[in-house]
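Just so it is clear, A, B, C and D label the chains in written order, and each chain counts residues from 1 on its own.
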Amino acid sequence: MIARAAREVQPGMVVNLGIGLPTKVVNHLPADFPVCLHTENGLAGIGPTLSPEQADRNLIDAGGAYVSTIPGSAFFDSATSFSLVRSGRLDLTMLGAFEVAANGDLANWKIPGKFSPGMGGGIELAQKARRVIVLTTHTDRAGNPKLKDACTLPITARGCVRRIFTDLAVIDIGADGFHLVETAEGVGLAEIKEATGAPLIVPATKLPSF
Amino acid sequence: MIARAAREVQPGMVVNLGIGLPTKVVNHLPADFPVCLHTENGLAGIGPTLSPEQADRNLIDAGGAYVSTIPGSAFFDSATSFSLVRSGRLDLTMLGAFEVAANGDLANWKIPGKFSPGMGGGIELAQKARRVIVLTTHTDRAGNPKLKDACTLPITARGCVRRIFTDLAVIDIGADGFHLVETAEGVGLAEIKEATGAPLIVPATKLPSF
Amino acid sequence: MKLPSKQTSIKEAIAHIKDGDTVMLGGFGVPGTPFVLIHALVKHGARNLTIVKNDANEPDMGVDHLLKSGQVARLVTTHLGLNGHAIKLMNAGEIEVEFNAQGILAERIRAGGAGLGGVLSDIGIGTELAEGKKEIEFGGKTQIIEPALRADVALLHAAQADSFGNLAYVGTAQNFNPLMAMAADRVVAEVESLLPLGELAANDIHTPGVFVDHVTELGELSEEYAVVQR
Amino acid sequence: MKLPSKQTSIKEAIAHIKDGDTVMLGGFGVPGTPFVLIHALVKHGARNLTIVKNDANEPDMGVDHLLKSGQVARLVTTHLGLNGHAIKLMNAGEIEVEFNAQGILAERIRAGGAGLGGVLSDIGIGTELAEGKKEIEFGGKTQIIEPALRADVALLHAAQADSFGNLAYVGTAQNFNPLMAMAADRVVAEVESLLPLGELAANDIHTPGVFVDHVTELGELSEEYAVVQR
């Protein structure tokens, strides 16, 4: 799933990888792949993650991981960092999710009464990146679907999600809802439909698997 | 008059000197005087003006004169430059004037039909410097008073001027209008009153001269 | 002309902070957080403070010392994820927390520093974030008016400075520091090295000294500034 | 990962400019003005342009070449004092001129670059400057809404760059360049020297390459870049 998501990154893109699953995408990009990774705390051109022993105390990503620079990296302040996001210079962001609705609504920052650490930069990433992709398990820990007709949790941004990568499938969001486009190796259609909380549009042709 | 105006600059101030007469004030500040001169095109810490032979092509003030830096000078962009002005970090500005009204209104950027090159940074300097001082001839070329009951030309900023230095006098603006505070050497009270287009409040005590 | 010195002791630099003040603190996680100034503020003891900071650091670090000492009434922030103690205080109603989208907090502070009244933004429209905020139609779109934010005092951390208060940051320690430097009535910077006037290149200064009131050099850096071992 | 190259010929970089486009030009007087790109735009020939620039340079320099070629329909600026030719065209009604307070023009461009709808400001309230502008009451004060400004293309001049488009300016050549770099759909920078990737220090970059689409190295600088002999 992570490896498959990495193939979404096109040469020349500016990309922000959210905390959690998305961050792992970086390990699947070739060393000479032409891409600029952005982190909202003020760096464009993220290099490999470093262990605490190798780390520079002044060089972290937005999740607090110690990262490195590459030739051409630039540091900037938080206003410039989000100017980049809001003005359309961010080609792609990959985010985690609590819920994704069939109309592309995303909920990933708050579970009232349980989890409310604040939205950080997530709202601006979700609302303003040119393409928003979600990486998530298909269901939550209790087995409930994360893909739903409508979100029940507070929304991060409306209608923003274009594609979802899960452990079971790749699903696109079209004007008419969830479209199944790929299935995980060995996963059947029935299982995916069962785990999805909204109608799933399945093409008549055979689907590729990943 | 210029030398007298220079004495308005207090140690530690951040000061912007407008184009024309005000710029000349710098020649009357001692070499070791602790002050930071600002120019709105992006420099804090202006050093002496340079001749074209000594000039750096990338180092001008807002009037286009070639200037130098001093130890501790900093360059910045136009947004930062006016942030400094508008947020109250500019202690003093000295500006030229077409007209000053008895309530402190300043007109110095436009003469409809005759002179309208644009306001540049003048409006923000006049409206936002903590103290605005005007340096001007007491009358225009035709001998008409520049100090008036009310401005007839388009206003730069309302009620902004605190003190006026002219070739004839130093005049403060109080809640009740123009107050004469000093006279130029050899200039009589009658001459000053004659050249002023609004009532002039004169103290009973003897006035110092400059 | 020569540029005046703003070198001050920490005690002197923060002496004017009063109960009820709004205090901005630079930093995003460890980088750029003024740990020594925060300790000095704990010692100083001003109470009922509104703290403006991107995050609340981690337990027993930075902002958390002010939370433990009970000096914080209100926290204006974007994310408390690494500090469970802060979340607990929030949930218990012991501190009031105002969450902002991170880039909007940055813009609100910058607007304060730029002498503006606020900015128009469409971030969060149609979500909980927009609740209670003033919206207007402008330029054919619905926009939220995000009010400018200023503080009584900003406490900053920079890598290098000169005596006029010109500041240079390194790495991701820049974050909110240059914005807060513009947005407070009194700006105090702790710096890792104080260089002679003229040794910071005029082209490479991140915060012009014009915005800074007090600069104070740190001695050896404490453990709080080091790489976090998780 | 490696950062992609944006090195382009000038012809290629400006090929997409169309009649009716809004073009931002960096520079305040000579410093920071992209004279070579302006000449290329004259040769390119796009007409009915809206030009956004602090000033109109001086007669026979920079912007004036675009005025002489009749390519400019509208000029958004702050001060034309050094270019009598521009004032003449304005008075004759041959170009439309919109004057902005200098710092407000800077903020409007920055707002465009920051993805904001505009900013609230009290500059010019009660004067001619406020005429025709939308005012609102906010935070207990009357504020003018100054709309964000964006362009189709920004043409910039920088002293140094790398192939990713990271830019560094020198002296007072910074001015509007870093702001315009954020505020256009396509950003083209002419640079005095193009350095190998990694030779511009990550802490000393004024405009991150993320904002720049095309970077092109100048040969020997023409007379227009030199000290003006008045």
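Structure notes:
Convention: contacts are C-beta pairs under 8 Å (C-beta built on N, C-alpha and C of every residue); 3 or more make two chains touch, one makes a residue touch a chain.
Worth saying up front: this structure is predicted, and the values here are computed from it rather than measured.
Following the contact convention of this document, C is the list of chains adjacent to both chain A and chain D.
By number of C-beta pairs in contact, B-D leads when B-C and B-D are compared. With centres computed as the average of Cα coordinates, no chain lies farther from chain D than A.
With each centre defined as the average position of its C-alpha atoms, the distance from chain C to chain D rounds to 31 Å. Chain B and chain C, compared by their mean Cα positions, are separated by 35 Å.
As a whole-number value, the distance joining the C-alpha centres of chain A and chain B reads 56 Å. Chain centres here are Cα means. That of chain B falls 29 Å from that of chain D. Shown for chain C are the residues in touch with two or more other chains, namely 107, 114-116, 121-122, 169-171, 202-203. Residues of chain A in contact with at least two other chains: 75-76, 79, 82-83, 85-86, 128. Pairwise, the chains that make contact are A-C, A-D, B-C, B-D, C-D.
Taken in their complex, chain A has these residues touching chain D: 11-12, 14, 26, 29, 31-38, 44-47, 69-76, 79-80, 82-89, 128. For chain C in complex with chain A, the touching residues are 28-32, 54, 77-82, 87, 97, 99, 101-107, 109-110, 121-124, 126-129, 159, 169-179, 206, 225-230. The touching residues of chain D, counted against chain C in their complex, run 107, 111, 114-122, 134, 136, 138-139, 141, 143, 145, 147-148, 168-171, 202-204.
Per the touch definition, chain A reaches chain C in the complex via residues 39-43, 52, 55-62, 64, 66, 75-79, 81-83, 85-86, 110, 116-121, 123-124, 127-128, 154-158.
Across the complex, chain D meets chain A through its residues 1-5, 112-116, 162-164, 166, 182-183, 196-198, 200, 202-203, 205, 208-211.
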